[in-house]
Amino acid sequence: MSGSIYGTLFRISTWGESHGAGLGVVVDGCPAGLPLTEEDIQKYLDRRKPGQNRFATPRKEEDAVEILSGVFEGRTTGTPISMLVYNQSQRSKDYSEIASYYRPGHADYTYDEKYGFRDYRGGGRSSGRETIGRVAAGAVACKLLQAIGVEILTYSRKIGGIEISDDRFDKEEIGRNPVCMPDAQAAKQVEALLEEKLKEHDSVGGVIECRISGLPSGIGEPVFEKLSANLGKAVLSIGAVKGFELGDGFAAADAFGSANNDSFYYEKDGAIKKRSNHGGGIYGGISDGSEIWFRAAVKPTPSIAKLQKTVNKAGENIEVSIKGRHDPIIVPRAVVVVESMAALTLADMLLVSMSARLDAVVSFFKDKR
Amino acid sequence: MSGSIYGTLFRISTWGESHGAGLGVVVDGCPAGLPLTEEDIQKYLDRRKPGQNRFATPRKEEDAVEILSGVFEGRTTGTPISMLVYNQSQRSKDYSEIASYYRPGHADYTYDEKYGFRDYRGGGRSSGRETIGRVAAGAVACKLLQAIGVEILTYSRKIGGIEISDDRFDKEEIGRNPVCMPDAQAAKQVEALLEEKLKEHDSVGGVIECRISGLPSGIGEPVFEKLSANLGKAVLSIGAVKGFELGDGFAAADAFGSANNDSFYYEKDGAIKKRSNHGGGIYGGISDGSEIWFRAAVKPTPSIAKLQKTVNKAGENIEVSIKGRHDPIIVPRAVVVVESMAALTLADMLLVSMSARLDAVVSFFKDKR
Amino acid sequence: MSGSIYGTLFRISTWGESHGAGLGVVVDGCPAGLPLTEEDIQKYLDRRKPGQNRFATPRKEEDAVEILSGVFEGRTTGTPISMLVYNQSQRSKDYSEIASYYRPGHADYTYDEKYGFRDYRGGGRSSGRETIGRVAAGAVACKLLQAIGVEILTYSRKIGGIEISDDRFDKEEIGRNPVCMPDAQAAKQVEALLEEKLKEHDSVGGVIECRISGLPSGIGEPVFEKLSANLGKAVLSIGAVKGFELGDGFAAADAFGSANNDSFYYEKDGAIKKRSNHGGGIYGGISDGSEIWFRAAVKPTPSIAKLQKTVNKAGENIEVSIKGRHDPIIVPRAVVVVESMAALTLADMLLVSMSARLDAVVSFFKDKR
Amino acid sequence: MSGSIYGTLFRISTWGESHGAGLGVVVDGCPAGLPLTEEDIQKYLDRRKPGQNRFATPRKEEDAVEILSGVFEGRTTGTPISMLVYNQSQRSKDYSEIASYYRPGHADYTYDEKYGFRDYRGGGRSSGRETIGRVAAGAVACKLLQAIGVEILTYSRKIGGIEISDDRFDKEEIGRNPVCMPDAQAAKQVEALLEEKLKEHDSVGGVIECRISGLPSGIGEPVFEKLSANLGKAVLSIGAVKGFELGDGFAAADAFGSANNDSFYYEKDGAIKKRSNHGGGIYGGISDGSEIWFRAAVKPTPSIAKLQKTVNKAGENIEVSIKGRHDPIIVPRAVVVVESMAALTLADMLLVSMSARLDAVVSFFKDKR
């Protein structure tokens, strides 16, 4: 398998290369009756679109999505939703140089090792453009989640070592600055750093944070299909992500049990709540009804203009400078990709969880008769 | 689904509760012809066995494994391998108290929310004993990997904030100290800390590190089935794990591209190598033939004797002290669980990867004729 | 994979060989709260038990099932249900002869070709005893179906060319005669034929019919996961089954459209019904709420005492007479296996179908809050 | 799930409706290095194209396929192959009548029951045009099979009760007559019958036969993933197929064991062969290296101009005559669909079978180093 299919009930199948005819996704298993338009999808794709500001690739790509199936009279029909984005900038560029060597930090070498050859144009399938299918499908998942009452908030927590302050956290600010930070002050600092790194022909990485609210308790399966494990896989499957942590994550490893445990209490209305949320809203792999929060570590953009050592296919040790202007930072554009992967995972696990209890199953089918 | 099945070609199905009749696993898809005995399995189970030293539960459990199927005349037959461990200490203990409230840091609450009721005896399926099936299956996977030439080394990197020094790294030391550290000096410090925490009725967490050598390049699938994503899921599916990072992981998020990229060079024999391994041996989700290394964050044992606040089923806010002697640290016993999950993932992805190239497929079947 | 796992949400993992330690199954994904006892399972296993009458293997096997996990205080907990049957008659018999040649009509040769060697004792995994796991799991699925209101009736339609008459159809008769026919007269004829074939050291085949009532409409997925396709796979996966037909099946191939189409009409209460059921209750892969009926062709028992030609491992063309007393007919014992496979498929597809419509999904989770 | 994904390693994801923008498929898991052009695909699509002769829908549809990804410099890259066929005849036809009632023999009613509404234009997803994705993917599978040495021959065995004679079997004849029969005489008779049925506004069904040669032994997994069970599912998932039989199939149910068993013998070159092939080339679910043959029962076209009774949405019992010219027979166009589903199943199970034996696995990875 080439591994481009994801999910159990809400399943997606993505395809496409950086410089092929286009990219797309088929969503198989979206419940029937969900209102869906191309605009719903485009909104999400626009969040990952290149050329939006000076820290992102200046390639002007429309990335306009078309829905080819599965929607009738404005609503999903329950059959596969095929979405397609044609590539605009398939210039008849000369790729012979890039074909001749292995870019450090990229998958050129491993693709050749696995498949014997590779589509070297712009990275082929290993390009960041691969995420177009994820985001288009993620937009559908988000619409489904909203109908159920689940909201996802995703943003840059840290870039180039500069972290947001939780005290200055302002949700509205995320869309206002080019680095997707909920803290205007940190964003300013990051912008200054990025200017500097652009000049140095270097790049930076960062941490993306995601918060999920409104998720009912009981979602996620024990043992291997824990909600946490599936969120982890989903996020770690994104190209540049090198780490994942739920709740306190790696900090929990340094904590003591008495401080790390989240204690329960009854609210006045009889609802059970927790005094803290170190665990990130998931216990035993199952959601507890509180906010879920996790973080993803994103490595610095591997494509840099700075001179790097590598090897070519002629058997020589060489030095290269990756041409073309590249994003000095992936993080802001990856925010919507992380959100999409979280949404796809949640949509799937919500549907899967419907069969957990006999009483709910019996009453579901009784209602149907 | 209850989520107790894992894998695509090398698949396992685990079952069992802490205080039920027993626990076990069915391994479906192990290639035929692998020499396998109960001793092979027992060695791994003994590494997670309780009662081995003063920092582990003193419950005396044999955890003796029986192979019930799939092995004939000392070799696997290609059919499912069923392995079973009977529970020894199913004492007719009174569990009415534990049934009446939700232990902080445990899955009691989420199981009740999901299923409407729970097997409260010793945590039922959410107990650490659930990992018996993983480790028994992991032992089979390890034997398969060894036949292919893959070796896995797993150990405690950090416990209670005390980290090993890479300069003092001694592989042989791992089995000599009760905390599975490859650094005798750090292990001593950790032991002292654990003594202290035992007295305080508290617990500590830590970080487990895993190093995989001998894995061919080309293993792992692009996009969703990246080797890194599947290792992440595998490890994050272990009860107490809260974070996963590959290679430099979260540190890569703070690095610059010029420092984080691993540059290639030709060795004298013409082999392509890398000058560093920040990436952890996986690019684009595919192994590059170098060492793979990752880390898992393990939270402190949630069961502590220290007084904690929680709620009971009678609708009251109460204070509890978890009775029985519990491990003040899970990390050393979890080392073999992490290793098992890594082995299961590698075994599966190795087999899956066999169909990546037409030339290899054609020559495979030509040889068969 | 060895292919011993079946299902998407209601999944089973079977294991065991004819003359190994035992056989069993793990049921993963049964909704929590289903009352379940070992007696529930035993009833089904007893229907496939050998030694019940003179047409079945006289081996005295108890086939007593034990539930090892997943049930607490008499109800399923939502976690894996492990069931085990120990083999009683593992006599230290000499199998060297059977190991030396390939029995015609059996899987001895193909197992050797696939795996390089085989567990030759009693056919190993390819023995009819493999169905113990299917039937134990099928019993659980049947209990779940009954809770939802679905009933399955399965019986021998034809044996050795002798077919039941629909005019004499008597449901109660199925359990009264040793050949599981709902027609006493046909059953008598079959018994006479079997006596004759026993003397001739030969065997006969037959057709099993299955009728499913109470299944809601809307079950089954379009395209590849049609209810009909999955019932077909389930039934064709049983060792001796060589054909499957839904509704009129092969007879429909000879019919004209005007006669084969089932026309709709309104009943007085406004319900939509069909005037006929040539289609077998499934259209476009989806149940229409009427009775589902299908048939399975079962080949004659391959183990016969009559002299047969074959080859041995020494490279010789030989003649063999399969020793031991064998069933001259598999059909009656296979009835409960067909019923089990149908039940497992229906249980799984019912659970899968719960996420088909947005309105149902939204109201499901609204109720949960 | 909507069930439009098929396969384990060689996986396909189909999409599209009769009168939507188009139809297509994503093939995920095709080995890298397979030469593939749009012409390779078009050849297969042309075999199912409408408007080819007087017994097929006269709608002029080009059904021209485009490959959008996964192929680079004429060879598959190992990444998903996306193929698309735009619909040509999306006329702004008035579908209000067809939307108002349920066509007998069609899935209109069950789609409404399952999803609450349906894309009624030309049958939407339940149209025969859904098979475009199957055939495009099947063409890729066939190319892969040919590279391995597997050939598939598929043809009409019986139409409207008229069966071919095996004595007159002529492979070359299949492509010469409009009913895809390997027997010119039978084809002539069928043509006469079809002329008659066209005048009567009625339709006929038939039986398709498929013969697979060159498949190595050892393909298929025991228990649930038998090659026979998967071929059965694949074929039964095609819209109009109502039955499946392997080898002698239903005739085996009437045979005696002594006649039905296929006996083995040694050829002079030491190869093991069988004297007969009643079993259809599969034992215990595993191929034995001989020819595999199976049959599919196809019902008569449900769309007929003859007056039929049904119900409308206004609550009335009505009579309808399905307008437009429809094929009086589906069988000839379904031949390539059956072949495609067989090819997809074989391709997948061949790849899956590569991991059956340790020695083969070990030597595979040794060669890689």
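In this document, chain identifiers A, B, C and D correspond to the written order of the chains, with residue numbering beginning at 1 in each.
Going forward, a residue touches a chain if its C-beta (ideal position, glycine included) is under 8 Å from a C-beta of that chain, and two chains touch if they have at least 3 such contacts.
Keep in mind it's a predicted model, so treat the numbers as computed, not measured.
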{"item": "A-D or A-C, whichever has more C-beta pairs in contact", "value": "A-D"}
{"item": "Centroid comparison with subunit D (C-alpha atoms), farthest chain", "value": "B"}
{"item": "For subunit A paired with subunit D, centre-to-centre distance based on mean C-alpha positions, whole Å", "value": "38"}
{"item": "Distance from subunit C to subunit A - Cα centre to Cα centre, in angstrom", "value": "44"}
{"item": "Contacts with 2+ other chains: residues of subunit B", "value": "1-5, 8-10, 14, 29, 32-33, 78-79, 114-116, 125, 218, 222, 352, 355-357, 359"}
{"item": "Residue ranges of subunit B touching subunit C (in the complex, touch as defined)", "value": "1-5, 8-11, 13-17, 20-24, 26, 28-30, 32-33, 66-70, 72, 75, 77-82, 84, 114-119, 121, 124-125"}
{"item": "Subunit B partner contacts - residues on subunit A that touch it in the complex", "value": "1-6, 8, 14, 102, 104-107, 109-111, 113-116, 125-126, 130, 158, 160-161, 197, 202-207, 217-218, 221-226, 228-230, 232-234, 236-237, 239, 242-250, 252-258, 260-266, 270, 272, 275, 279-280, 282-289, 297-304, 306, 308-311, 315-317, 352-353, 355-357, 359"}
{"item": "Residues of subunit A that touch subunit C when the two form their complex", "value": "8-10, 29, 31-34, 76, 78-79, 144, 147-149, 216, 218, 222, 350-352, 354-362, 364-365, 368-369"}
